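Data block below; observations after.
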Amino acid sequence: MMTIVFSLFLLTMLVIVAVAILRTDNLFTAVMLSGIFSLIMAANFFILDAADVALTEAVIGAGISTVLFLSALALTAEHDRSPPVGTWVPLLTSSALGGVIIFATFQAPRLGDPNAIVHQHVAPWYLEKTPELIDVPNVVTAVLASFRGYDTLGEVFVVFIACIGVMSLLGRVRPRRESIEEDEFDKRTDNLRHHLIPRVVGKMLVPFIVLFGLYVQFHGDFGPGGGFQAGALIAAGVILYSLVEGGPRGRELVPEWFSSMLVALGAFTYASVGVASMAMGGRFLDYSVLSHDPIHGQHMGILIIEAGVGMTVAGVMITIFHAFSRRGIR
Amino acid sequence: MEWIYFGTSIAILVTMVLAVVRGLIGPTIFDRVLAVNMFGTKTVLFLAVISFLSGRPDFLDLALAYALINFIGVFAVLLFFQSRGVRREAEAEREANK
Amino acid sequence: MELLGLYNYFVFAVLLMIGLYCILARTNIIKSLIGLTIFQSAVFLLYISMDKIDGGTAPIIQEGVENQVFANPLPQVLILTAIVVGISTTALALAVTVRIKEAYGTIEEDKIQEMDREL
Amino acid sequence: MDLVLDIASAVLLLTGGFFVFVGGFGVMRMPEFFTRMHAASLTDTGGAALILLGLMLQGGLTLVPLKLAAIFLFLFLTSPTASYALANAALLSGVKTACRNETGSPLPENQPDNATSRPATVSRAKASAGKTAAKKVSRKAAPAKPAKTAAKKAVKKAARKPAKKTAKKTARKKS
């Protein structure tokens, strides 16, 4: 009952904000509103009992997405100068799609129906077998890292490849400056050093963010958390430092060779656990053989691959942010 | 006690709605940023109250994560405006030199 | 009440429409990308809506509590990874946009096409 | 004892909820940006403190009150900082002139002490803000106003050049 009341509020806000994003011409406004959009989305996920997903959306939406979009805006344009085109073709297409989907939803089970088909298939098996086979309290981590570890390996490699794409597009070499004057502009614009209060508070919070990231990383078996969230959190800490102290100082803190090495090392760690389990007589990513006790082996495997995921995600986010911030003023 | 939590969360939700409205109409860009920032704080409170309402207070981690990184966006905004001002200055100077 | 239980799916459909319209109707690349993220979020919402069970709680087993009903963990796993993949692909698209801006001086699709035709 | 705790936390939660709501109401109703910000930032801290304290009383002797205290500490640090950063950005962009003035009296200019500390940004941003202000006012306000802003714009244009020169000088000195 309460869920429905909260959902009514949040989902209606979601639609209103989405319409506002669609209607605005100012891209900066659109980015700000999409920040609100992601906050509402995270609250909504939490209402719907998805704590892990809410944490991920919170960290990504609040910490990283806005920063990335703003750095892209600073490099491109601030206004959407789309001409007032004849909009009936897209309108027709999208409303046809929406109509079909709404028609289909009348057949869907209502929210929270325990007899829905989704809850009959493989999910009860996961919930039942997790305490027995893997013995970690957080079933999401168990499914993510062990039961469906192969999927997650694929996702990690997708993130890895996206990072390579950004690096090859924006380049690792700093574009040549025409004069010293432009460097002066860089120094004046890409940090908040002369804002005393943000500088002090921001720098004070960086260690706490990183510490909390490590907590999320290693507490992921017992509460909401895991490699994905932890990586994004740690990256958010580094991004905060780079915002406050400027890009060059940020790159001194986490050099680019280090962050790109983290990316590769994380993916390598993940895959090598799979190979190790094969070498020890099991199947690919079957952690039970890693130790003499199957459950202990599972714990070890999950710990290592979560660390790999965390390294990759943190490295990717930091590398992407540095790639954008290094592009600088042209 | 449950109804108290419920009432508090409804008050926070109504405030969120007001913040969203300010974000939608807010005449200047800064009003929108203010709305985002305020919305973030309200989300922290909302998550905290909801985690008590659902009887799982160990989910406060979420609210903690939000409280820590919510303001990175505001810093990015500040930096954005600063660099925009200087960039426009540079463009104007280049024009003048031509 | 029956319709209220389907509200999540209606919102999913509406968000999908808004996202698609934004991608199709706007020629500004960054605006299209924001539309794409809305489209993405709509799909996330659909998946997460499916995992809810009445009276359930998040699928984290508590010590010493019997007979708990848990939400479905599977959609959560899929969406958790999809969010991170989504932001990295968005970053890739933004990088392409930055390069387009550097090469053409604009990020409006129609102007880019005009320039291509002139070449 | 439990009842006392319950009542205390109920009072704190409801007062906190009321404060938060008042903050939202202020953000909605206040006439211009800086007053809105005042409403938001004050209640952000006050309401949050009350609500978190109310929850803390319910936490019992576990890790929960500690986490709540951490949340409170971080909110207490970040929320005013964010407000400061935002106000600073707004001031540098000359928001003051962009706001509606109910009485119609001439709006105060931003003081030049900003101009000496961050010359380039201020002078440039001011000029651009003046333009947007003119646009906005002419769209919204009574027909008498555009003339006024136009006059102000002209004054600014005249004032911009020397300001820029001094700005450059100070920048050079600094470097």
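Think of it as A, B, C and D in the order they're written, each chain with its own count starting at 1.
In the analysis below, a residue touches a chain if its C-beta (ideal position, glycine included) is under 8 Å from a C-beta of that chain, and two chains touch if they have at least 3 such contacts.
Given the structure is predicted, the values throughout are model-derived calculations rather than measurements.
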Chain pair with the greatest number of C-beta contact pairs: A-C
Inter-chain centre distance, subunit C versus subunit D - centres from mean C-alpha coordinates, in Å: 31
Centre-to-centre distance between subunit C and subunit A (centres being mean Cα positions), rounded to whole Å: 12
Distance between the centres, which are taken as Cα means, of subunit B and subunit A, whole angstrom: 18
Touching two or more other chains - residues of subunit A: 51, 73, 188, 192, 195, 198, 202, 205, 208, 223-224
Two or more partner chains touched - positions in subunit C: 57-58, 60, 62
Touching two or more other chains - residues of subunit D: 74, 78, 81, 85, 88, 120-121
Interchain contacts, given as pairs of chains that touch: A-B, A-C, A-D, B-C, B-D
Touching residues on subunit A, where the partner in the complex is subunit B: 2, 5-6, 9-10, 13, 16-17, 20, 26, 28-29, 32-33, 35-36, 39-40, 42-43, 46-47, 51, 54-55, 58-59, 62-63, 66-67, 70-71, 73-74, 78, 182, 185, 188-192, 195, 198, 202, 205, 208-209, 212, 216, 219, 223-225, 229, 233, 236, 239-240, 243-244, 329
Footprint of subunit B on subunit D - complex, ascending: 6, 9-10, 13-14, 16-18, 20-21, 23-25, 27-28, 33, 36-37, 40, 44, 47-48, 51-52, 54-55, 58-59, 62-64, 67-68, 70-71, 74-75, 78-79, 81-83, 85-86, 88-90, 92-93, 95, 98-100, 120-125, 128, 136, 140, 164
Sites on subunit C touched by subunit B in the complex: 57-58, 60, 62
Subunit A - residues contacting subunit D, complex: 184, 188, 192, 194-195, 197-198, 201-202, 204-205, 208
Contact footprint of subunit C on subunit A as seen in their complex: 3-4, 7-8, 11, 14-15, 18-19, 21-22, 27, 30-31, 34, 37-38, 41, 44-45, 48-53, 56-57, 60, 64-65, 68-69, 72-73, 75-77, 80-83, 85, 87, 89-91, 93-95, 97-98, 101-102, 105-106, 108, 110-114, 116, 118-119, 122-123, 126-127, 130-131, 137-140, 142-144, 148, 151-152, 155, 158-159, 162-163, 165-166, 169-170, 222-224, 226, 228, 232, 313, 316-317, 320, 323-324, 327, 330
